[in-house]
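Several structures are given next for inspection.
Two complexes, one shared chain (subunit A), two partners (subunit B, subunit C).
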Partner chain A sequence: MTTPRLIAERRQLGRRLLLSAPAMLTLLVFMLLPLGIMFVVSILQSGDYGGVKWGEYSFEAYRNFFYERDLDDTLVFNTDYLEIFQRSFWLSILTTAGCLLIGFPTALYLALQTERKRNLLLFLVTVPFWTNLLVRAYAWMLLLRNGGLVDEGLQGLGITDTGLGLLYTNNAVIIGLLYTYLPFMVLPIYTSLEKMDWRLVEAAFDLGANRFHALKRIIVPLAMPGIVAGSILVFIPSLGNYIIPELLGGGKTLMIGNLIQLQFGSSHNWPLGAALSFALLSFVLLAMLVYSVRFKPGNAGGHP
Partner chain B sequence: MNTHNPLWRFAGMRPAAWFFFIFLYLPIVVLVVLSFNGGQSATLWGGFSLKWYSVVANDAEVVRAAKNSLIVATLATLISTSLATLAALGMRGRAFRGQTLMSGVLGLPLLVPEIVTAVSTLMFFSFINLKLSLFTILIAHVVFCIPFAYLPIRARLEGMNPYLLEAAADLYASPWKAFWKVTFPLLSPGIISGAMLAFIISMDDFVITYFVAGAGATTLPVYIFSSIRMGISPKINAISSIILVISIAFVALSYYVGQRKR
Partner chain C sequence: MHVRTTSLALSLLCALGVATSAQAAGTLHFANWSDYYPPELLKKFEADTGIKATLDAYDSNETLLAKLKAGGGAYDVVVPSDSFIEIMVKEDLLQKFDKSKLTNLAHLKDTFKTLSYDPGHDYSVPYLWGTTGFSYDSAQVPGGKLEESWKPFFEPAPELKGKVVALNSIEELFVPAAYYLGVDECTEDPKQAQKIQDLLLKQKPSLAMYNSDGTIERMAAGEVAMHEQWNGAFHRAHAQRASLTYVYPKEGIRVFIDNFVIPKDATNVAEAHAFINWMMQPENIAAASNFAKYNNAIEGSDKFMDKELFEDPAINTPADKLSLLKPFQLCSPKALALRAKVWTKLKK
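Up next, the complex of A and B:
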């Protein structure tokens, strides 16, 4: 059945694939293949002086998450890494909660502004995303350090009388993560609020609902896809963030990202670093999968 | 919607928004103000001066790092934008089997955590025995710039009227001519804004560069990181402010270009 029409269509498809090929090949070779190699490295023996022993397979790296080998080669339960996982999850959960607390009302505020003001404010929300995170984390070091502007400001207002010693603590890391990811919470929530049919809220008011009920029964449920998307966009990257704990935690408040970096730096344990990265990646992909199954495009109400 | 109706004023909404914008911009403003500090301290104000900017401009190491950053960002932008433009043109039109998968691959660098991309790329270069240098940085940058260049171009293509191409064909334009006379001029704002985003993302990247940079191949963010490690200083304030202002200028410009002729 090779009608001329079919041939033409096939030729066009070929042309389109050819156009996409350079970008696709670049990503396959320099993104997917490295991820594959990373998985292989995670099941290899670690080399004696860094690197790995190619061809010698072992699940040692994954066992390392929970156990360490004693001198006489017995496995001993080790909570060091578990503590870092726990801290990463806990700090990321607090960050997500904080982002939601500030981000939802901000998104609501944005959605209720006139169009001109809204566009300007939206632009202001996106600008920090395009600026250097390293530099912005550094700015927070200036603010949070002993005798820095936060200390001085609070003392000037008479709220505290000694320095808070905020820098290099868990609190500094949470402030930094909040600061980094707040826009990621505001934008998706704003997007779902913007698409919302506000007449539903008007109807609720007409039917005697007060603001709290309108919020609880209409606005929050309809904004749910945005809230979930925002929470994922905040939680997942903050779990693997490297810069913030490194600079604001001062190397004392390790998170998964720093632990991974250490394996390629001073610890010289590539398989463990690869295994940790692979675990982080699997977690991200799992979260995205769950999200895309539950909140398919078109399932705007967010009800499964 | 009548936003003047007091019913629409939800308690706490306005203070939260104020807090949000102050929280977001306060550190940036403080940093830029402190970069004009004349004193020796990074945080204590000692009068207005451009002293630290001239210190930065005369520091050979900073200048070399800035050059490296510019070289990598320019090349990465040119390459990734070309690849992304071709891919966007290929993705246009009737959906074919596997297209969703291909879009997924194009967006992959946005999904994978930066640290994971960094270490997997490092292991890949070690596996193929490629010595770390500016070249390895360039490869890594091209990869993560592709989606940033691709998305605005694709969005622009989607908003384009398909009848224009049919009209061109009806008027006996060859596909090649139709591309240069119709598609390309209409697409160029998307290409420019994609290229600008790719440039900023490449200039700003630290985590991935840090892992795949060989000895001597220092970019500006890597230089800043190693200086911060040695403690805060007014010199870092000045370099950081320069980077911030460049990024913000680029974003504003890219936004302006994207909004034009909509």
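Up next, the complex of A and C:
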């Protein structure tokens, strides 16, 4: 029995599929397909000098992530890669926390300005994007190195008396990452604050809240979607960043991005590189899962 | 109106004529390491042969290998390092030369006539070569002079802590460390690799960084006291700071040779041969040497080379040091996997 209603529903479904086709196609071609290729590479046998041997499958790469062959060919637990992952996560968490600490007040300040001034300030936040990241990283090298502007400035003010040795340390990496991703924290928080109904804050003051309480009970909960979005936007690219640790870290310690690059470069081990990428992906998905369970968008506020 | 049409037709004809004559002489797509080939020299080549040439750059052998593997015939001549010639031949990415078109092969210096990675020059001819040693600033090291050995680099004096820089590549650390310890650089024995790892781990706290970029600036500015360095980079730094010294360590020093090759899928093969042959003329290769500050392998190029370049012992290796030069060896995948393991342990 085909009622006109059923036909209409079917037609609507067809139209929906058609309308979503471009998005689906984009996802397929630019996300699923590359991921599929990476997965296939990760379960292939490594070529002798880079590349892979097609048709020879092996889970060696995944096993290598946790174990290595000892002298007598027994498998022993290997923490090298896990340590590199741990450091990357730690640096990324610090970067995210730092971005939040600087980004939230900045966004709040922005949201409280008149519209004219606000637009100008927003524009200024995006100005660094006009210059290539590489150039900006080199600028930081000049600023942070011994005898650089930061060092000389602090010595001139009498705060320090010897070289700080900032450049080529983890601290320099964090500074670089913080600088790079700060706008990604400011903009989403600003967006959620801009939409906020400021009468709620006035009401809070009327009901006897002090500034701290108003911030904690009204503003932060309402800005939560922005904070969550900003944190994700900072955390995930920090994890995979390659150029900042390479330039500002002095190449003394690896982050995940450098480790993966190494496998495709001089280590000639593409399957391990692909497997490491998948390990990174799964850790990120896991973190996102925890995040989304912990901060359900529904109870985070924003829309009462 | 009539006049205008005629002149338009004439100019069109002229343009066509120019286009066809350029077509007849052909084109050449040449790719080299960035900042390693003088653009003016390519203009001279165009003037000499009528072949239109383009220059493209890549940043590493791995990048080049990936580009060649992807295919497409984008390049007619490229310049991989010695370490990649055998790999590229094995992967069937290179074309065999038609040696009847490379008459200038006779100009090669004797030391470069038979090279382990391509003994008959079937696939490659040397472009420029250099050595990977280390340099120090005599104004900054204790006593003003260091032993001609890898020892001061791998086991630096305590005063130099944080003032030493190593190149950021496993090969360029593992191999000299193997020379220093007297271990086979292609060892497959984990115990031997362990020795090298211990040496590198012990050296690490003394290092300011691992970095292959900006070696010239760091040494020229006196920012660090010792730097593992390519001799051409040293030459440039030395021109800015007279107190720098280049060391030929007594345990041996890696010599590297970059080579012209023709990719398998090159589209302009005749032009590629013409170009390589043209580059083996002394005055042309000398212009490349003068630009890149590296020595070449062509007999008779000396008189076209800049005097201060040719007379620098770091560039023109003295006869008594020639025995220290150790050519590249292609190690087994097993040995390379060991190296990669050492590198990860060093940087974890």
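Criterion: the second predicted complex is superposed on the first by the 245 of 304 C-alpha atoms of A that agree within 3 Å, B and C clash if a C-alpha of one lies under 4 Å from a C-alpha of the other, contacts with A are read in each partner's own complex, and residues count from 1 in each chain.
To be clear about the criterion, a residue touches a chain if its C-beta (ideal position, glycine included) is under 8 Å from a C-beta of that chain, and two chains touch if they have at least 3 such contacts.
This is a predicted model, so every value here is computed, not measured.
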Which of subunit B and subunit C A:51 touches, first, second, both or neither: both
Superposition-derived comparison: subunit B or subunit C, residues of subunit A touched: B
Which of subunit B and subunit C A:289 touches, first, second, both or neither: neither
Touching partner for A:267 - first (subunit B), second (subunit C), both, neither: second
First (subunit B), second (subunit C), both or neither touched by A:97: neither
Subunit B versus subunit C as contact partner of A:22, first or second or both or neither: first
First, second, both or neither for A:252, with subunit B first and subunit C second: second
Touching partner for A:168 - first (subunit B), second (subunit C), both, neither: second
Touched partner set for A:105, first subunit B, second subunit C, both or neither: first
Footprint overlap on subunit A, where subunit B in one structure and subunit C in the other make contact: 51, 145, 264
In the complex, subunit A residues that touch subunit B: 12-13, 15-24, 26-28, 30-35, 37-38, 41, 51, 102-106, 108-110, 112-114, 121, 123-128, 130-136, 138-143, 145, 147-149, 178-179, 182-183, 186, 198, 202, 205, 211, 215, 236-237, 239-240, 242-243, 247, 257, 260-261, 264, 270, 273-274, 277, 280-281, 284-285, 288
Complex contacts: residues of subunit B adjacent to subunit A: 1, 3, 7-8, 10-14, 16-17, 19-21, 23-28, 30-31, 34, 42-43, 82-84, 86-87, 89-93, 96, 102, 105-106, 108-109, 111-117, 119-124, 126-127, 139-140, 142-143, 146, 150, 197, 200-201, 203-204, 206-207, 211, 221, 224-225, 228, 232, 236-237, 240, 243-244, 247-248, 250-252, 255
Residues of subunit A defined as touching subunit C within the complex: 46, 48-51, 68, 71, 80-81, 83-84, 145-146, 165, 168, 250-254, 259, 262, 264-269
Subunit C to subunit A touching residues, read off their complex: 60, 62, 65, 69, 87, 90-91, 162, 168-171, 190-191, 204, 207-211, 223, 333, 336-337, 340-341, 343-345, 347-348
